[in-house]
Amino acid sequence: MIKRNNKSKENNPFYDPTLKSRHRSSKRFKKFTLTSLIFSIAFLVFFLYDIISKGTPAFEQAYVSVPVTYNEKTIKNTRKAIDRKYLRVVSRAWLREIPRQVKEDPSLMGKTVNKWALADDQVDQYLKGHYYKLKRKDRALIDDMKAHGAVELKFNTIFFTNGDSKIPEFAGLNSAIIGSIFTLIITMLFAFPIGVMTAIYLEEFADDNKFTQTIEVNINNLAAIPSILFGLLGLAIFINLFGLPRSSPLVGGLTLALMTLPIIIVSSRAALRAVPDSIRQAGYGLGLTKIEVTRDHVLPLAFPGILTGSIIGLAQAMGETAPLIIIGMIAFIPDAPSTVTQAATVMPAQLFTWAGMPERMYIEKTAAGIMVLLTVLISLNALAIYLRKKFEVKW
Amino acid sequence: MSNKNSIKIDVNELNLWYGEHHALHNITVPLYENKITALIGPSGCGKSTFLRCLNRMNDLISSVKIDGSVVIDKKNIYDKDVDEVSVRKRVGMVFQQPNPFPKSIYDNVSYAPLKHGQVKKGKDCNELVERSLVDAGLWDEVKDKLNEPGTSLSGGQQQRLCIARTIAVKPEIILMDEPTSALDPISTEKIEALMLELKKKYSIITVTHNMQQAARVADYTAFFHLGKLIEYDETEVIFVNPSNKKTEDYITGRFG
Amino acid sequence: MLKPYEENINKIKSEVYEIGQSVIQSNKIALSALKENDMSMMKDISLSISKISDKSNEIDNLIVKTLALYSPEAKDLRLMVAYLKITNEVVRVAANARLFSKQFKKSFTNDLNKKDILEYTIPLLKSANEALILAVEMTKIDDEATLEQHYHKVCVEEDKTDDLYAMVSKNLLKLMTKKQELSKDYFEIMSSLRRLEKVADRAASIANLLLFAEVGGELEQS
């Protein structure tokens, strides 16, 4: 900071008495703006801290080492495969898997092996220090097993490999991720070409009259409509009128495409407008036709902007929940869809469902899901910035 | 004025309106072949508008209405059966701001001729590119970097690239809209020397804010004021013995 | 520098050199006539003042055109202005040279003391022409040092003509007092010789202007 020594009037031709209060008010303003920035950052930090602290435990899952008996009887009635005292600490879902384990490894037949079994969700929560519903007996058993090293927290691959489940410890984000991917592919497949072509027509070919101005105003308004209305639109047109399968990525993608279209059109138009007119003038001056000028000279220059706008639109669509709820993608979907016409769910919808489940474990799964969603969104935005920088033509 | 020159563009009673505003009033002027004609005048006098009438670039603006004739090779280019795109192939244009396409130097020059079907890709095209760059006085500086983007050149080089691009299409007439206003004095001088060379093969019409430039390079000078053509004569006459007082006031700086 | 501009400058220089040369040539013929003491040789002098005047106008208009079209600055501007003044000087030099040869031929009758007159006239004409030759030569020189040398030499020749003219007028006055009936003729001879002194003055003026063009400074009447 430069010290201002404007104090003396003598031999200082630059002395200006009004400067003191002007500098002061300038400093005040700077403090205001800095304070606002600090507030925003504080909220962001608080939010991130909350999510991360709630979600990180979900990436570890409790496993217990128990002896498992594999024989004809236990395969039919898996509850018999382990000792009674373990029944409440081992996950039911894991027990269901026993026949498949034998199928994969027939040498297990007739043996009793110590296996790392997925622990029940209450055990997991107990170990993580959260609210639990374990009986004292079971708690004592777990503590004992822990002392003997028979209890471990391993990395939670189930979160990424499994679909939704009513059994908390067995629930994962996989089917929602696949559903999101399918939905977004459909969205982009429809929204991108239609949006860009519309923008090109409006910007390069259409005359500037009342009609096109009305269209422009309407497109801008469409971008601001509450997204749930698009859900109703999708319900009415795609499901009722066209009879497409409800809750499928196809319908979800088409609905989101309608929603993303205005955004793509607006950002593509801006990108096209940003191309200096001198390029077009040069093209016309050489005796080129409109299509030659637009396709070969204007579009390549506008492309980074169009791409950025589209990726941002895509990122926004990825986080949309309301319209998809209306068209039914909120159902319980344990398996990932294999085609676009099968019932599916998307990540935000899955998180909405989990947030409403009673079991304690779902809280950390929801938070972990939010972290995954945020990571994807940030990556998409980073991709947008990278692609923009890569394709930007230097002037 | 000597009449042994042949007329390349014969403009007769040309009027232009931007919507309601009458921008050009009854312009009649013969523009001669293989000569440089300069259009001078204060800002807003219509000289750029007039220039753009000569290759129908004003057609791109929807509010423009044009009356009168611009005859090139005995055909009025504003006749209904004349395609404006074909006019622009014969009447090329160089703009005030150098505006090379964001492509390589080679592509900048070759794009339009390929599209017009004047050359095929390969040896013919390479020869055309080289010849155009030689004629524009740029070949030596770029012959080793034809694949670099056109925008990597300096301002003066970019403008010469635009000139090369324009002459690659083999026009007969080149229109220049203040081609050196955005350049430094040395680049300006290079372009002026280039214009003197080019006039051997082409007819050049140039708009310039800089009277001294018109004095240096032009054979004929036309003085415009408020959309009217005030005086048109050999440059030497305009700058030593102008007939019209308005012309003299402008040239001597007594305007306004 | 644009080609037409450069061509104009070279044309101006060479045209001035040409008209200077035509005066120098006629002076050389006069000099040989004096040396042979054969005044009839003087009729070989074909110095046409009107032609030189026309050429001078042509050069002046070319200078005006070049000033209008090419806005010369610095050395080029000084050059244009210098040559504009030099054309006048050359026309005056030509007039003076012509008058000298005409008057001298007419007045150089056998009654006069031809030996004495020629004794001074020949060196006077020689010096005057030498000054002119050096001055005109300067149009082709670029080197500053050489130009200064030439200028000094011109000044030397001009001084010589001043001295020579002073001496010859003294002697002619003496001859006039001796034979008063011939004083008119001697007077005519004296005024024709005065023309030669003027030629040298003009040559010095031309040299001064050419030095100003190359070296700079301010215009001065020399």
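Worth pointing out:
The letters A, B and C name the chains in turn, as written, and every chain counts its residues from 1.
Rule of thumb we're sticking to: contacts are C-beta pairs under 8 Å (C-beta built on N, C-alpha and C of every residue); 3 or more make two chains touch, one makes a residue touch a chain.
Because the structure is a prediction, the values reported are computed rather than measured.
The touch graph of these protein chains is an open line.
Chain centres here are C-alpha means, and the one lying farthest from chain C is A. Of all chains shown, the one whose average CA position lies nearest the global CA mean is B.
Separating the CA-averaged centres of chain B and chain C is a span of 51 Å. Taking each chain's centre as the mean of its C-alpha atoms, chain A lies 56 Å from chain B. Centres computed as Cα averages put chain A at a distance of 99 Å from chain C.
On the chain B side of its complex with chain A, the touching residues are 55, 57, 60, 62, 85-89, 92-93, 95, 97, 99-102, 111-112, 115-116, 149, 151, 162, 165-166, 169. Only residues 207-208, 276, 278-279, 281-289, 292, 296-297, 300-301, 393-395 of chain A touch chain B when the two sit together in their complex.
Only residues 189, 192-193, 196, 212, 215-217, 235-236, 239-240 of chain B touch chain C when the two sit together in their complex.
Within the complex formed with chain B, the residues of chain C that make contact are 2-5, 64-65, 68-71.
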